[in-house]
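Just below sit the structures, each encoded as structure tokens.
Shared between the two complexes below is chain A, which has chain B as its partner in the first and chain C in the second.
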Partner chain A sequence: MSGYLSGLIGILGINIIFAYSIYVTAATGQLNLGGAGFQAIGAYSCAVLSEMFGLSIPFLLLLSTIIGATVGFLIAFPILRTRGVYMVLATFAFAEIVAGVILNSDSLGGPTGLVLSDYIETDVIIWSTIGVVVFCFYLMSTRIGLAMRAVHDDEAVADLLGVNRRAVQVGAFAIGGALAGLSGGLYALYFGFVEAQYFNAFLSIFVLLYVLIGGTQTAWGALIGASFFTLVPELLRMGDDWRFFIFGVIIVVMMIWRPEGMVTRQAIDRITLKLFPVVRRHG
Partner chain B sequence: MADPILQISSVSKNFGGVVVLEDVSFVVEAGARHALIGPNGAGKTTMFNVISGVYQQNAGDVLFAGQNINDIPSRKRIALGMARSFQNIRLMPHLSVTENVMLGQHSQAGILDLLKPIMVMPRAHDKERAVELLDSFGLEAFQGRSVSELPYGVRKKIEVVRALMANPRLLLLDEPAAGLNVAETATLHDFLVEVAERGVTLLLVEHDMPFVNKLCETVTVMNFGRRIYDGPVSGLREDKNVLEAYLGADA
Partner chain C sequence: MVFTQQLVNGLMLGSIYISVAVAFTLTIGILNFLNFTIPALYMLAGMVGWSVSYYGLPFGLSEPLGWAPSLLVGITCSVLASLLVERFTYRYFKIKHGDSTEHAIPLVSSLGFLLIFEYAILGAHGSETRGFHTPFTDLNWRFADLVISIPQVTSLILSLCIVVGLSFMLKKTRIGRALRATAESPDTATLMGVEVRKIVPIVFVLTGLLCGLAGSIFAVNYSEVSPYMGDHVGTKAIAAMVIGGLGSVWGAIAGGLIVGISETFSIHFFGASSAQITVWGLLLVLLIFRPNGLFGHNAIGKGKF
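Right after this comes the complex of A and B.
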């Protein structure tokens, strides 16, 4: 594999895992515009733990995931007191606070960032990505996934049907935090360097857009959205300015033609029916 | 004698200063088909919301099968054996018909059931039960369909089927016949008779009086948050209070 190609696969995998962290909450109807904050926590946890304790790679990734999950779980309680656009702002504020803390603390390197001496190869990212994708597809195919989608559609009725909406919402934030933490840990170990500037507001916006434009109705959305928006600008060899432009155009086009995202449940049904015409439709 | 399935005892509810339910009491016997009627704004939906725990009453008790359920949160009431439909159909718009119906079974799922990938298992028990129940009411054609593309009358029935998935002993239906045409109302009647024959007690809010006359034996009438009649449907016509409420004070 050429350096370029493996680098592309590396960032693709990280973005896909990151997108799933946002997808899990979006699937329950909650918009998280603080993705970068969660990812930064994973990345910096990994960097600090690696330098301070010299832990092994699997252990570092596990701890990034656990720390992300813990932060997601704890932050869910204040965030879930807000709704709609206020929730979006609350998550955004959370990411700003994380960035502010990092920039102002010398032990985290401040604006200069931290260098890691541990590193991983692309295959670790590939396997992690496969694991996360399989996990998310599995999750969404269980009764928990059904309950998540129900909470997305109508919290009050879900509650009356016996769904513990609080547990679903908090759980989604915890899982989202875990996946963002993992993606951050992978990022730190893959690039060997973390700096606060990378985990900025645009990153939070981009990853949320991957998910919203990909579609939140099925687990395919995050995969397709993250892949599309990682690969297309790369393939077209575009700089960041063009990335914004493309995003803008795509958002407008999507709002007009596919307001529910690129991949909808009906689209999946139609494709399944084409591929397996004999199978009786259940879902 | 066995406890009544539902006992409403001196229930009051106000929103801010507005009294919406005032000292309302009535009883629904197990196996009954009981109607709750009254003019718009009488407080019928609010009563359903109190029974299902959406609202907490300001005074009075709700007893389900003899058990006081005042302190049981809304989420846990369905597991006791009461399920409801809504005045404005509230199916989950992004779930298919089958998925909506499967959701009705949520209260009966144990931890292990939560972890099974039922949506992709070809012969998942939960899915088969949902499909069977749809089949048994002649709704099999709608299984995998998106609920938004279905006719109003079909959606109403699917909401009832979703409620039935919880194996309720008491089914609360808020204006099931509203918005249905004559043919649809007739099928709904047969459908509810079928439901009742399966041993489910019916409590329904309804405006369509011929429908109530045909389906129900007992009725509670409310007006301005108060109970003004409670008894057999046949007694409605001679009751002075009921006539006044429906025809105006001069009647």
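Right after this comes the complex of A and C.
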């Protein structure tokens, strides 16, 4: 594999895992505009643990996942007190605070960042990505996934029908935190360097856009959205500024053309019906 | 004395946040739409103003203009850009899906416009900070040790006048009544004879005007503009709006001043990069205890995403 290709696959895998972390909360109807904060926590805990204790790589990734999950679980309680726009901005505030704390603490390297001595090859990212994608597809096919969809569609009705709404929402935040932590750990180990400036507001916005443009109805959305928006800019390969300009145009056109995202339940049903005319999908 | 000076600086900074926060709060209060293009509109006024004062109007229409006409062109540009956003985000979806439009859709679309405007300017003019020259850079009042710059006082008064005028307009005039009716319920407003389709562009014109004025005030006060100037002010203005409570004009004023003052104080006491923690920490703590902000209406901004 050429260096360019493996680098592209590495960042693609990290972006897909990151997109799924936002997808899980979005599938329960909560927009998380603080993705960069969760990823930063994973990346920095991986970097610090690696330098201080010299742990092995699987253990490092496991720990950054667990730390991400814990933070997601804990932050869910104050954030779930707010609703709608307030919730979007509360998660945004969380990410800004994380970035601010990192920038201001010398032990975390402040603005200069941290260098890691451990590193991983692309295949670790490939396997983690496959694992995460399979996990998310499985999760959405279980009763928990059904409960998540119910909460997304109508909280009050889901509550009336006996779905433990709060548990589903908090659980979604915890799973989202775990996946963001994992993607952060992979990022830190793959690039061997973390700096607070990378985890900025635009990263949070972009990852939310991956998910919303991919579509939140099915687990395909995050995969397709993240792949589309990582690979298409590579194909466009022009001046950096005009690349993002076209990205913006694509977003506006996409919202006019497919407001529910690229992949919708309806679209999947239509494709399955075309491919397997006899098999009927339920739901 | 240092304390008073910081308080004055905070009030000046806050006055810029106020106009932008009012723009945010108007669109969210009346249309229930978090308009993320606002930072870009603010930046457009400054950058277009600079480019007209540096190169002159496009296509060789004129020589480089003076600062005031340039800024006027800049403000016109942000109003036009705002109407463009209205056409392709808000109006389009309302026609297609009516009141049941999912709130996330115009929001995402406006994020797309944010990228378009910002990177169009970046592609055209590069990312450097540009000096914007005005005849009054050194006009200051001095009381004992206190330094107050006259352009800044003027801009504080100007933005307060705009906001007071705006809330008078919302309260007393026909258009204001129509706007408030639309905010309550677009469908009922239509039944009562309000032409909602003609009212909505007014909100966007006001948004463009407020952002354009704030951007021009910034360019005059700090004598510099850059393609990134909207990001900082935009995020701080969002914080100001949330602290004040969505949809409340007076809340936006209080929030703007609170954010401005806490930012200057935290920079003074804890160093430049601490402002981020102070402002957003304040917001998060406030939201935990008062999920509606200080003066927020109970029903605004709570819609499902």
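Details
Basically, the second predicted complex is superposed on the first by the 279 of 283 C-alpha atoms of A that agree within 3 Å, B and C clash if a C-alpha of one lies under 4 Å from a C-alpha of the other, contacts with A are read in each partner's own complex, and residues count from 1 in each chain.
As a working rule, contacts are C-beta pairs under 8 Å (C-beta built on N, C-alpha and C of every residue); 3 or more make two chains touch, one makes a residue touch a chain.
Computed from a predicted model, the values in this text were never measured in an experiment.
Contacts of A:127 after superposition: neither chain B nor chain C is touched.
The wider contact with chain A, measured as residues touched, comes from C rather than the other of chain B and chain C.
In the superposed model, A:59 makes contact with neither chain B nor chain C. In the superposition on chain A, A:276 makes contact with neither chain B nor chain C. When both complexes are overlaid on chain A, the residue A:244 reaches chain C alone and has no touch with chain B. In the overlay built on the shared chain, the residue A:90 is in contact with chain C alone; chain B does not reach it.
In the superposed pair of complexes, A:119 makes contact with neither chain B nor chain C.
By the touch criterion defined above, A:29 lies against chain C but remains apart from chain B after alignment on the C-alpha atoms of chain A.
By the touch criterion given at the top, residues 28, 34, 88-89, 92-93, 96-97, 102-106, 108-109, 111-116, 118-120, 122-123, 231, 235, 238-239, 242, 246, 270-271, 273-274, 276-277, 279-281, 283-284, 287-288, 291-293, 301-305 of chain C touch chain A in their complex. Partner chain C is touched in their complex by these residues of chain A: 29-31, 78, 81-90, 92-94, 96-97, 99-101, 103-104, 111, 155, 201, 205, 209, 212-213, 239, 241-245, 247-252, 254-256, 259. Chain contact summary for the complex, chain A toward chain B: residues 138, 140-147, 149-150, 152-154, 156-165, 217, 265-266, 269, 281-283.
On the chain B side of its complex with chain A, the touching residues are 52-54, 74-79, 84, 86, 90, 92-96, 98-99, 102-104, 106-109, 113-120, 122, 126-127, 131, 143-144, 146, 162, 166.
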